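Reading through the C-alpha cells given below for one structure.
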C-alpha cells in the first residue's frame, strides 16, 4: 500500500513541478536588466476613432511587454496577449505581477488586467461600468485605479469626472476620491500615500490648472503635494524616483517634457528633470542605482522617430544611446520588474458607523498673505462651510464662529466636496476654497491654516476649538435654496 | 559739629566774638561739615538717596533689599520682586513672570551658583538665570507657604515659615522640616533663619532662638531667662525676649531682633539693649544686618548701627529731616541734622557692604552714601568682642 | 459493567470539577471584593496580588551585554579613538588609521561620556551608574583620579578659564551639572540645570559652559513645554542664563561654533498640545537645530524635509573650521551634514518673522543640509578628528563605529566592537524600538516619546477617542513587565496589543509592526528595569523612609479608626510591583475624560517619572495628595501632617 502511494505521488510529481514553474511559484527570477514597457505601433500614431483618452493614448495594437534582456529583443514576451490594446503597466512591489489597462475588443470598456511575471495570460480584475485606467499597486497588493475612462480630450471637462478607486484583494471596491474634478494617474509613494493628478479650483480666468495631490490608501487626508503656484498647466504621470525627486510629464505645445520636484521641498524648485532637452518624453520611472528610466523621443535631427527607452543618471547631459529601441514601435512607460521597495501601508481610521468626518482648523487666519509682522491682512471671525449636493449644486451647510486664536472645528458630511469661506467681522469674504476637499466617514482631519504656506507644520499651541462642543453641520434640506457665492 | 561752650566772662570784644560764634553755631549745626569718622568702628552715612515710584518701584512698601555678587540690587516689595537696571530704574517681576506671590519678604543668594532665593507670602522661589522655580507646600516639601526668611548654607537652602522650619538639600532634593512635633520648638511660627557654618539658627515667634547642628542632628534652645514679656528684668542674662522678629549671624556673633529690644550673643556672653537704657532707637526692632561685626538694626523709628559699644542712629525728624546721632561710651551724643533722610522711619530690610548701605522702608527704598569711601578699610581693627 | 462505572466516575468527576470551578470562581470573587473593598470587581487573576516575585521578572535577570558604543573621543594627535562601552563596562581604544581595536580596559560603573584632554590626552570618563568621573592616564589607561558627581553623569566638556582648567559634567538623573577643577580633580559647584541634562559644550573663549536638558519642563497643558539650555560661568559655576528651547525637547547634543560664537543643539519639536489627527506635515513632531547666536538670541531651524524625517537627533559635531555640522539621527540611521555657511547666509537674510517660523517650514532644510549620510543602526554619538578629516559615528545597535572621510563624505570603514547582537531578542527589540521606519515618513520612533524607554514628561491628545478628550500622560516603560494591562484605561491586555495594530492606526499611521518584530519589541520592553533600580535595591531605609513606608502600609489612622481597604495604598499599589493592576477610581476624572476608572500604575521608579496621574496634571508627587486629592479617594491622606506627607514621598522615591 505504501509503495502504491509513493508511485502515485511520483507520477504526478513532474506535472506538479511543471505547473509550479509555469505558474511562477517556482519561477526563475528575472534578470536585473529586464524591462516591462508599453509598445504602441509607430505606423498608426493617432487613432481618429478614439472614443476615450486611452483609445487616444493606446491605439489598437498597443501592448504591454516584458523584455528579459534589452540586448536580446528576440526574447520579448507580450504580457497583454489577446487584448486589442493595452498600456499603463505597473509592477507589484513583490515583482510577481504586472497590472495594466487593457481593452479586450473595440466594443469593450477599458479595464484593469493583471499578468503574472515572467509571463502569464492576462486576467481581468475590474468590471466597472465606464471602464478603468491608470492602475497602481498598494503595498498590500490592493489595486488603485481611476474610473470612468473619460472621453478623448475631456478628462477635465466631462460632467462625469474620473475618481480613484481601490480594489481590495477580496475584490471589494472602495471609492477613494470625492472631489469635483477628475482624479487620475495615481502612483503609490514609498510612504504609502497615493499621489495623483487632479485639477485645482479654477481661478478667476476659469483656466484649468493641474496639480499633484495625495491621499491615504483609504481616501483620507487629501492634500496638495506639489505644483500649487508655479504655473504648471498640464501634468501627467507622476512617479517617485529614487533620487529624492518626484518626476512627471509637463505638457508643451509639441509634446511632453520631463520635470520634477524635490520631495524635500515639493512646492519649490520645480525644474527640468534632465539637463538636456528631448523633443518629447512619455514616461519617467525609477531605474537602477538612483538612475531614471525614461522613454524619450530624441530631439529633431535624428533619424529615429520612435520613442525609445533610456536609462539616465540625473546629471546626464545627453540621452546617449537608448537602452532599447524598436523602430517599429514607440517604446513607452518602461520600468524594471523585480522586487522594489514595498510601500508602507496605512491602517484606516474610517468608521463605518459614522456618516461624517471632523475637521479641525488650527488658525484660519494663518495664510500666505500676511503683514510683515505675521499678522493677517484681514481677520476672519466666521467661516462659512459649503458643499456640493448630489446634483452638484453648491449649498451652504452653515457658518461657524472662529475662536480668538483662529481655530474652529466641525463635523461635516463625509464623501462629498466641501468648501470653506473665511469671513471678516463685516461678513465680507476673505478667502474662498470652493468645494474641493472632502472628509471620509470617521476621519479626523486637521489643517494648519487657510491658504497657508505649504509644507508647514503646526505651532505647538492648544487650539481653543477643542474645548468647545464640536459644531455639527449636515447637508441642508435640498428644498432650501442653494447659494452661489 | 559741636562748638564747645565758653563759660568764662571776657571783655566785650570777646563777648562779640562769642555772640558771633553763638549766632553762627546753628548755621554750623545745620551745615554738613566733613565728618571725621576715622575713629568710628562703622561708616557714617553722609546722605541718603531715596527711590520710589518714580524709579519704577511698584509700591511704597519695600520689605527686603539685597545686593548680589554680580552687583545687581534686588528689592522685595509688597507688589513684586524688583531689580535695579543699568539706567537706575527698577524692573519688576510678579506672579505673571513665575513668582509664586507678589509679596516678597526675604531675598538671599547662593554664593556659588548665583541663584536668588526669594521668600514670599505664598511659597519660596528660586530665581536663576532669568527663570523662576516655585516651591510651595503643595508641590514640594516646604513646610508652609508663608515663608518669612531664607538663607543658603553650603548645599542647603534653609527657610523659616509660619508653620515650621525647613532645610532643602540642593543636591538630593530632599526636604527636612521641623516644628513643635519633632524639635525643641513649642510653636512653629518661625520668623527668621540664618546659616552659621555648621549651625543653623531659627528665630521663633514666642520661643526665642533655636540652634540646630545639622551634622549631629541636635538642637539647642535660647530663651529669655526672665520669661517676662515686657521687661528685661536682668540684663545680659540671655535673650532679651522670646518674641524673635528677626535674627542674623556673622563672624561668630548672633544678633537677635525682638519687639522688646535687641540681643547680641558671641557664643559665650549675651548683651541686651532696650531703648530706654541704651542708644537703641526703639524696642520694636525688625531687622538686623551684621557686617564686619557691626550690626545695622532697622526699627520703627529708624536705624541703629552698633558694634555693641558705639552707636550711630539715623532717625527721621518730625519735619522729615534726617537726624544722625553718634553715641560713644562716656560721651555726649553727637547729633547732626542731615540734609537728607531715610525714605521712611519704619525700616523693614537692610543690606550693607563695604561700599554702601541700603534700607527697605515702609515708604520706599533708601541708599545710604558713606561719608568716606572704603570706610571699613581705614579701620585699624574691628572692635573686638568682649 | 466496567464501562458503566467508568462513565459514572467520569460524570461524577466532571460534576465535581464543575462544582469546584464554580465554587472557586465565586470564592475568588468574594475574596477579591473583601480584600480590596471594591464591590464592583469581578473575577481577578490571583497573580494580580499574589505569586509575583521580582527575581523572576525579565528585568531582574541577567541579560546579554553588548559592546554598544556610547561616548567617543579622539586623542589630540588624532591617532587613537576612545570608545565608551557602558553596557560591558569597558573603554576601548582603536587605531584611527587601521580602525583596529588596540585594547579594551575594564571600567566598572557604566562608562558613558568621554573626553580627551586637548593637550596631554588624559582621558576623562563619566561613570553613568557609579555617579563619578574618573581620570585615566593616556599611556596605560589606568585610573589616576576619581571624583563623585551628581547622578547619572553622561557627558562632559573641557575648558581653560582664568581660574584654571574646568570640566562641566551633565548629571542626567539629578538634574544638575558638576563643575570640576582639574588640579586637583574636585567639584567646585553643582548648579541646577533643566531636566535630565544630557549634553555639554564650552563657548569658544572658554568662559561659558552650556548644558542642555533632554526633557522639557511643563507647566500645564496649554503652555508648550521647553527643554532648557543652561549657561554657566565656567570659572565659578554661577548660572548666567536659562534659555528655554521654545516648544522643543529631547536635546541630546551640543556643540559650539567657535568662529561664529554659536551654540548648536539638535532638538525635537514635539506638538503634544495638538490633537494627533495625522502624522503628515510634522504633526506629531519634527527634528530641528537650535542655534544660540552670539547675541544671545535663539533661532530654531528644521532638519527634516517636507516628506522625510530624521528622527531622534542626538550627537552633533562641528568641524574645526566651523563650516560643517554633523548631526546624527538615531531613529533614521543617518547623519545630516549642515553647511553652516549657507545657514549663516540664510540667517542674515531672514527677517524676524521668518526666523520665528523657520522651524515649522519643512521645506527650509534644503537651504543648508547638503548631504545625508547613511549609517548602521541607531547612531548616537559622533565626533571628529582634530583635523576634521575623519568623522566617527557610534552605531550603538550595530556595535561598531562608522568612519567617514569628511571630504568625500564616503565611509572608509568601521571600528568593529562586536557582532551587532542580532542573536539576542532583547537587542532586536531595541532595534525595533529605535527605528523610525515604523512610522509614517519615519517621523519618529518609539524612543522619540520614550527616551531610553522612559518618559518625556508630556501629555498627549490622541484622537482615537475624540478630539480634545482623554488627555494622556506619557508613561514610563521602565519596569513594565508583569504590570499588564496597559493604556491609562487598562484596555490593552499585553504589550503586543498595546504596540500592535491599534497603535499603528492612531499613532504610527502605517502598517502594524510585523509579528516577529513585535515579539522582540515586547521582549525588549519587558527587559527594562525600573529607573535607577540598581542604585536603590540594596539600600536600607532611613528613618524618614521607614516612617513613610509605615504610612504607606497603614491600615488604621493614628486614632485607631480603620482605613477602608479600598482606600489603603497597599490595596491598589500592592508590592512587589506596587500595582494590583486593577483599574480604580481615585477621584481624578476630568471633564473630558470618558471614565473615572484608570489603570493603577506601578510605582517602581516613580520618583523619576513626573508628571503624574493619567493626564499628567500633578507635576510633583506632593500634588497627588495636596492639590489633586479629592475626598480621600486616592488613599486616606486627610489626617496626614506635612511631616507625614514628606516621609511618604521619601519612601516612594526608594521604590
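We just call them A, B and C in the order they show up, numbering each chain from 1.
In this text, a contact is a pair of C-beta atoms (placed from the backbone, for glycine too) under 8 Å apart; a residue touches a chain by one contact, two chains touch by 3 or more.
Quantities reported herein were computed from a predicted structural model and do not represent experimental measurements.
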item: Nearest-to-centre chain - CA centroid comparison; value: C
item: Maximum inter-chain contact count - chain pair; value: A-C
item: Centre-of-Cα separation between chain C and chain A, whole angstrom; value: 41
item: Rounded Å distance between chain B and chain C, as computed from the means of their C-alpha atoms; value: 48
item: Interchain centroid distance [CA atoms averaged], chain A/chain B, Å; value: 80
item: Chain C residues within the chain B interface of the complex; value: 150, 174, 176, 188-192, 228, 230-231, 233, 236-244, 544, 619-620, 622-623, 626-627, 641-643, 645-646, 649-650
item: Chain C partner contacts - residues on chain B that touch it in the complex; value: 69-70, 112-115, 126, 128-131, 137-141, 143-144, 155, 163-164, 170-177, 179, 181-182
item: Contacting residues of chain A [partner chain C, same complex]; value: 139, 191-192, 216, 221, 223, 262-269, 344-349, 358, 360, 362, 370, 372-374, 409, 444-446, 448, 453-463, 466-467, 470
item: Chain C residues within the chain A interface of the complex; value: 221-222, 224, 247, 269-275, 277-278, 280-283, 286, 305-308, 351-353, 356-357, 360-366, 440-441, 461, 463-464, 467-468, 501, 504-506, 509-512
